[in-house]
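Chain naming follows the written order as A, B, C and D, and within any one chain the residues start at number 1.
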Amino acid sequence: MLTVKDSVHDHVEVSGVAAGLLDTPTVQRLRRVRQLGTVSYVYPSANHTRFEHSLGVYHLASRALDSLGVAGARAERVEAAALLHDVGHGPYSHNVEDVIHRTTGHYHDDVADLLAEGEVGETLRDHGLDPARVARLVDGQGKYGQLVSGELDVDRMDYLVRDAHHTGVPYGTIDPGRLIRELRYVDGELVLAEGNVQSAESLLLARALMNPTVYSHHAARVAKAMLRQAAERLVDDGLDPAGLRRMDDAELRVRLREHEATAETARRLDERRLFKRAVWAEMDGVPEAVRDADAGRLRAAERAVADRAGVAPERVVLDVPPAPSMRESRTRVVVNGETRRLDRQSPLVDALRAAGREQWRLGVYAPADSTDAVGAAAVRELGLDIDGALVRETRTGLQGRLDDFESAGP
Amino acid sequence: MLTVKDSVHDHVEVSGVAAGLLDTPTVQRLRRVRQLGTVSYVYPSANHTRFEHSLGVYHLASRALDSLGVAGARAERVEAAALLHDVGHGPYSHNVEDVIHRTTGHYHDDVADLLAEGEVGETLRDHGLDPARVARLVDGQGKYGQLVSGELDVDRMDYLVRDAHHTGVPYGTIDPGRLIRELRYVDGELVLAEGNVQSAESLLLARALMNPTVYSHHAARVAKAMLRQAAERLVDDGLDPAGLRRMDDAELRVRLREHEATAETARRLDERRLFKRAVWAEMDGVPEAVRDADAGRLRAAERAVADRAGVAPERVVLDVPPAPSMRESRTRVVVNGETRRLDRQSPLVDALRAAGREQWRLGVYAPADSTDAVGAAAVRELGLDIDGALVRETRTGLQGRLDDFESAGP
Amino acid sequence: MLTVKDSVHDHVEVSGVAAGLLDTPTVQRLRRVRQLGTVSYVYPSANHTRFEHSLGVYHLASRALDSLGVAGARAERVEAAALLHDVGHGPYSHNVEDVIHRTTGHYHDDVADLLAEGEVGETLRDHGLDPARVARLVDGQGKYGQLVSGELDVDRMDYLVRDAHHTGVPYGTIDPGRLIRELRYVDGELVLAEGNVQSAESLLLARALMNPTVYSHHAARVAKAMLRQAAERLVDDGLDPAGLRRMDDAELRVRLREHEATAETARRLDERRLFKRAVWAEMDGVPEAVRDADAGRLRAAERAVADRAGVAPERVVLDVPPAPSMRESRTRVVVNGETRRLDRQSPLVDALRAAGREQWRLGVYAPADSTDAVGAAAVRELGLDIDGALVRETRTGLQGRLDDFESAGP
Amino acid sequence: MLTVKDSVHDHVEVSGVAAGLLDTPTVQRLRRVRQLGTVSYVYPSANHTRFEHSLGVYHLASRALDSLGVAGARAERVEAAALLHDVGHGPYSHNVEDVIHRTTGHYHDDVADLLAEGEVGETLRDHGLDPARVARLVDGQGKYGQLVSGELDVDRMDYLVRDAHHTGVPYGTIDPGRLIRELRYVDGELVLAEGNVQSAESLLLARALMNPTVYSHHAARVAKAMLRQAAERLVDDGLDPAGLRRMDDAELRVRLREHEATAETARRLDERRLFKRAVWAEMDGVPEAVRDADAGRLRAAERAVADRAGVAPERVVLDVPPAPSMRESRTRVVVNGETRRLDRQSPLVDALRAAGREQWRLGVYAPADSTDAVGAAAVRELGLDIDGALVRETRTGLQGRLDDFESAGP
C-alpha cells in the first residue's frame, strides 16, 4: 500500500490493482494534462491535473464501495475503472476531444483499447481483471458503472470540490462524505437514501453555479476554441488524430508553436492575447442549421465568415457549444420509501434547466481589431436573428480585465 | 486602532467609534449569546457568538463603505450600526425573541433605547453621532440602512460564511469579497453592478441550502420550542420581559433550572433529552386559524392538546413557524444597464420559494413516550387535515441519531 | 451508529459503547464547558467546547486503533476512555481545577468515581467494560493508556488542530492523519515508525508556538487568575468543591454574580474590564519560596501584598504558573531500527525547552488604577529581585488593545 | 484596475504599472513554469506556477507598502519588482538554474537585461520607472529591496503559505497578515515591531519544517538531479544556455524527448521511473574536495563513477547540494526598544541550524538495477568515509512508495 498526500482529500491510500496501475505510463501521462484546460487563463491557480483528480476519484470510489459493502474482485474492478476513467482524454482535457473524435470514431472504443493494451492491460490481467469489463464500467454501464459515470458518480463529487479548491471559487462545495455515506442500491439502481432530497439538490446547484463562473467562463471558451481550431489545423496538415490523443499538454503546445500555420495562435495563447467576442448571442436567435451543425459544417462556416469579413481564416473562430444538459436532474432519491427522480421531486430542476438554457451562447471570436468586421459578417453569413440579442463586448461594457478574470456574466 | 483575530475574516481592524463601543457592557454581553442558539444540539461545533458575528459585520461594513467611497461621520454611523445591530437580541438569539416582544412591544423601540442609554449612548455622542440615527440604520432605514439590514446587507454575508465555518456544513459559501466589491448605489438603492446576476443568486442559494440543513433542522426547532415555552413560563411566573431581554445564555439557563415549573425542561435541555415529533405536518393541511394564531392562542392550543391527551401541559409544545420569506429575492442587480429585481430576472427565485414553502412544517412535540397520544390529540384539537400528510417519526423511520444530527429532510 | 458533523474532522461516526456514553448527562455537560476557558477574551471565536473536543479525540482514537489492528473489547475500552477523558474537568476547563483539587484530593480518584457511577457506569457495564480499567486508561496507564494520555496521545492531536481552527491562529498545524498512520507499538511502548523524527518535532513545535500565542496569552492568564481567585472565595464561603467540579460554565458564572464577595469580579469578567499587570517578571528573579508555594501560601501572599498596597484583598491577584514542562520531548521515534527518545535525537528539544523557560513569567494583577501601588508592594512582599527585569505594562508600551487581543509577547 | 481570483489570497487587485506588466510575454511565460519543479513527483497536487506566486508576492508587497505608508513612484517601483522578481527563472524553477548560470554568468545581469528589454522595459518606462532601479530592488538592494528579497521579504511569506496549500502539507503556516502589519523601518532596516520574536520564529520554523518534507524531499531531489544532468547534456550538444533560460517547462520537456542522448531520461521522467539512491550520505563523511567541487568537477566525477561501475554515463547522477543556509536567522526584531538579530535573541536559531546541517546529504542516484554497483564505485571514487553512515535504500527499508510520496526522513 502506498499513501499519497492530496490537497483535497488529505491522505489517499492506494493498494491492490490501483497501486500497480498508478505506475503505468498511461496513468502517469495524466500528470501532464491539466484538469481544466484553458480555465487557468481565467483563474491562474487552476493548474491541477487529471492525475490528482483520478486519484481523488479512486479514493471516493473506494470509500463508496466500502460503505456499500462491495468487496473483492468486483470492488477492484470498480476501483480500477475509477483510476482509469480519464486515460482517454487528449491534451487540454475536453478542449480538443472533438478534434480527436471526429476522425477516430467512438470514444468508448478508444478507451477499451487503451485499457487492453500495454502495461495497463497487463496489470489488470495480472490482478485477474478483464480490461473489457473495466472499460464498460468506465463507460457507466451496469450496476457498478453508475458509480464511475452516472448521475451520482464519484467523478463529479471529486471535480466539483477540487475545481473549487484550485480556482478559489467557493461554489463547488458539496459534502462528498455525506453523499457517499447515503448511497444505496435499490433494484440495481444507485440512489440516495431517505432524507436526501437536499443532498441531491446540492450537487445540482454546485454544477449550476460552477458552470458560468468557471467551466463556461467566456475567456476560457475563447482560448479553448482557438486551441481547438489550431489542433484541427494540425490534423488537416497531417497529424494522426490517434497520436493527438496520446499527447500531453506540453507536446501539443510545442507542436502548435513549431507548425507554421498555427504558430501565430500558439504565440497568442502563450502571451494571453486571446481573441475577443465579435458575436455573443443567445442561442434562441441562432438558426437550427447552425446550432446542430457538425464539425465539418462549422469549419466551412468559419471560413465563409472570414472570407466575407476579408480576414485570414485563422482569425475567425466559431464556438457552438452543445445544448446544456443536466445529468444530475435524473438523480434518484428515496422519498417516503419509494425511489423518485430528482426532476419529479424538486422544483429546482426546471428552474436550473431554464437558467442554464438562458446562459447558452453562440460565440464568434476574432482579434480585437477585427471584431466589428467579423461580427457583422457572422450575423449575415450565419443568418443570426439577434437584433436586440447581439451582445458584443462594446455594447455591454464587458471589456476590461475584471471580466476576463472572473465575471460570471455573459 | 486595535486588531482582533477572527476565525473567518482573519484580522479585523477596529478603530474610531467602533473601538469605543466594543468595550461597552452592552456589546460585551454578546460574547455570551450564541449565534445559532439551539443549533449546537445538532452541530456540536456551532458555538460561535453574536460578538464575533458583530465584529464580522462591522468588518464587512467597513470594507463596503470603503469600496463605495463613503467616509467621515456617515461611515462611522454605519459602522456603529453594524457593530450594534444585534444588541437587542435576548439570550439564545432568535429563540426567545417572541417571548420578549410579546410583552415589550416593537423591537425597534427596544434597540433605540439600548443605543441611547448607558455607555453605548455616551460613546456614540462622544463621537458626535446621534443614537437615534444609528438606530434607524440598524432598522434598515434610509440609503445606508440597506447595508446593515436589507437584501444585500453585510449581516447576511457574514452569517452565511460564519455559520458554515462553524457547523462544518459546506453550503453557506458565498464570496463576500466579490459581493462587496460589486455593490453600487443607483438612485439611492443598493444594487449589484452589471454582470452579477449569479452573485445575487449565490446568496439566495446559500440561504436555501442552509435553511433546512442548519437553521430549521428539526432537532434545533424542537429544542428552541421547548426553550421558548419555558421562557414564557418564567414570564408568566413574574419575570420581567425586559429583564429577559438583557440576560445572557448562562443566566437564562440557570433561571430555568432554579424555577420549579421549568426545572424538568431545563434538565432535559442539559441532558439533550429533547422532545420528539408527535406531529410533523405540511402547512397545507393546517387550518388558517392555527397558522395565523398569535402567541396567546397558541399557548391556549398547547394546553388544550395536553388536556385532551391527558398529559401535563409542559409536555406538549406547539411549533408554528411563520411562512418562509425570501428577502434575497428582492435583491436588485444591474442587467444591461438597468436595475432589475432578482425575482424578475432569475427563474431560481420562484423555484426556491416553492421549495421553501414545501419544507414549511407545523410541529407538535412531546416526550418520546407520549408522542402517540399527543399526536392524535393534536390532530383533532387543531383540526389538522393531514391524512397522508401526518408525518410522525415512527412512520418515516427518521428516528435515530443520524437524523438528529444532520439530516436535511423532514 | 450515528454520525456527527464536526468542523474539524468533518464526519465523526460514533458506534458501540461510545454511542451509549454520548447520551449520558456526564458527557452532555461537556457541551457547556469551553475548551479554552478565558482564551476567548483574547480570541473571540474560541468558543469551542470540551464536548466537540471529546468527540474528536474519540474519532482519532478509533482511527489509531484501526491502524494498529486493535479491536474488540480492548478497543472499546480505549474508545470509551477517549470519549470520557475530560469528564473530570470543572467549569472553564483548567481554570479552576486547582481550586477543586486543593480540597478534593487526587484527580484520578475523581475520574474513577465519575466513571463508575450513574449512567456512565451503567453504560460501561452494559457493554461488558469495567469502569476502573477505563479510568486507568484515562490516566494514561498501561500499554493502551498511552494513546489516551501520553506523549503521543490523540488528545494532543485533536486540540492542537481544533484550537488553531477556532482561534484563527495558524500555528497548531500538525498532520494527525500521518501521525496516526505512523503509530506503532515497540516493546509495549507507543512510538512513531522509522522516518518520523520530523513528524515528532512538528508536535513539539506546534505546542511551542501555540503556548505563548494562545494558551498562555497574558490577557487569558489575567482573566483565568481572576476567575480562580473568585472560585476560591466561593469555596471559602461554603461552596462544596465537589459541587464546583460538576458545574458548567453557566452555573459558575451566575454563582459568581450572585455572591456578594465575588460580584465585582463577575461584573469585571462580564464587561471585560480585566485587571492589568502590576508585575510581570521572569521567574529567574523570583525566590524559590514563591515559585514553589502551595495554594494556601499564595493566597496568604496575595493578602499580604494587598495589605501593604492598601487595597482590598480581591484587588490583587497573584499568578504563579508551574514550571513549563514539555511532555512531547519524551516522544519515542524509531531511528535506524532502534527506539529513541526525541530529546536524545533532536537538537530542537533543548532549544524549545530554553525558549519555554524564558517565557516563564510571574504575574501580579490589579485594577488599572492601582498597578503602581500593587506592583511596588509585590516586589517587596515577595522579595522579587527583578531590577531590570520588572516588566510593567507602562514600561514596555504594551498597553492598548492590540496586545490584549493577539500579541504573543510578554 | 483588474481583479484576479487567487486560491491563496482570494482577490488580488492589480493596478498601475503592475497591470501593464501582467500582460507582457515575459510575465505570461511564468504561467508555464511550475513553482516547485519536480516536487509534484512527490506531491501530485503541487502544480502551481511562478505566475500565481508572482501575483501573490505583488499582492503582499502592496499591502506591506500600504501599511508602511509608502506610496507614489517609490511604491510602484517596489510593486513592479515584486511582480517581476521571478522572471529570470528558467524552466522547472530552480532545477536547471545551475546549468544556465554556469555559462551565462551572474544572475543579476540576466534579470537586469530582462527588465530593460522588450515590453517589460517599455511598460516600466511608460510609467516613469527606471528598469535598472527595479532590477536592483529584485536583487534585494537598498532600503526597499529588503521587502522583495531579504530576511523578511514578501516572497517568502507567499511561497510558504502557497506551497503548503498546494502540497497539502500543513507546515508552511505562517500568518502573513500579522507579519505585514508588524513590519517597520528602523534606521533604514526592515524589522519586526516590538512583541514579535515569535512571529519571526514562526517564519524560521515554517521553513525548517517545509525543507525536508517538501523542498528537499529525496524523490524530488532525484528527479531534479536527473533533469539537471539532461539539461547539461542539451547544452553540451549545442543548446544556447540563454535560450534554455527563456524556455518554459513544456519546451524543455519536449526538447529532452526529442534529443537522442536525453530521450531515455525524458522517458523515465514522463513515466516516473526515477533513479534510486545508490549513496545517501551525511555530508560529514564527504571530502571537502567533493563538497566544494564546481559543476565541471562534479560532472567529471559522475563520469568517473559510471566508468568504475561499468555503466553508461547517463546512468549515474551526483547530487551535491550547497550547505544549508538559514537566511531567516538574520531577521531583525525590536526587543525592549532595540533592534536585535533573531539569532542573537532566539535559542531556536542554533538548534534549527544544527538540525538543518544534520539533514544535509550527498546523493548518488542510479537505476534500480545498478544501485549496488554504482554505490560501491561512488564510495571509492569520491573517497567517502561513510562507514556506518552509508545509507542505501536497501539498508533503511525506505523503498516502497510511501516514502517516495511523503516521507520526511532521509
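We adopt the following convention: contacts are C-beta pairs under 8 Å (C-beta built on N, C-alpha and C of every residue); 3 or more make two chains touch, one makes a residue touch a chain.
All values reported here derive from a predicted model rather than from experimental measurement.
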Comparison of B-C and A-B (more C-beta pairs in contact):
B-C
Whole-Å gap between the CA centroids of chain B and chain C
34
Chain centre separation in whole Å, for chain B relative to chain A (CA means)
40
Hey, what residues on chain C touch two or more of the other chains?
3, 10, 169, 178, 406
Chain contact topology (line, ring, star, complete or other):
complete
Which residues of chain D touch chain A once you look at their complex with the stated criterion?
1-8, 10, 19, 23-25, 28-29, 31-32, 40, 43-45, 47-49, 51-52, 55, 165-169, 248-251, 253-254, 257, 270-272, 400-402, 404-406
Residues of chain B touching chain D in the complex
3, 10-11, 177-178, 181
Chain A contact footprint on chain B (complex, rising order):
169-171, 173-175, 178, 194-199, 201-202, 205, 209, 212-213, 336, 346-348, 350-352, 354-355, 358, 396-398, 403, 406-410
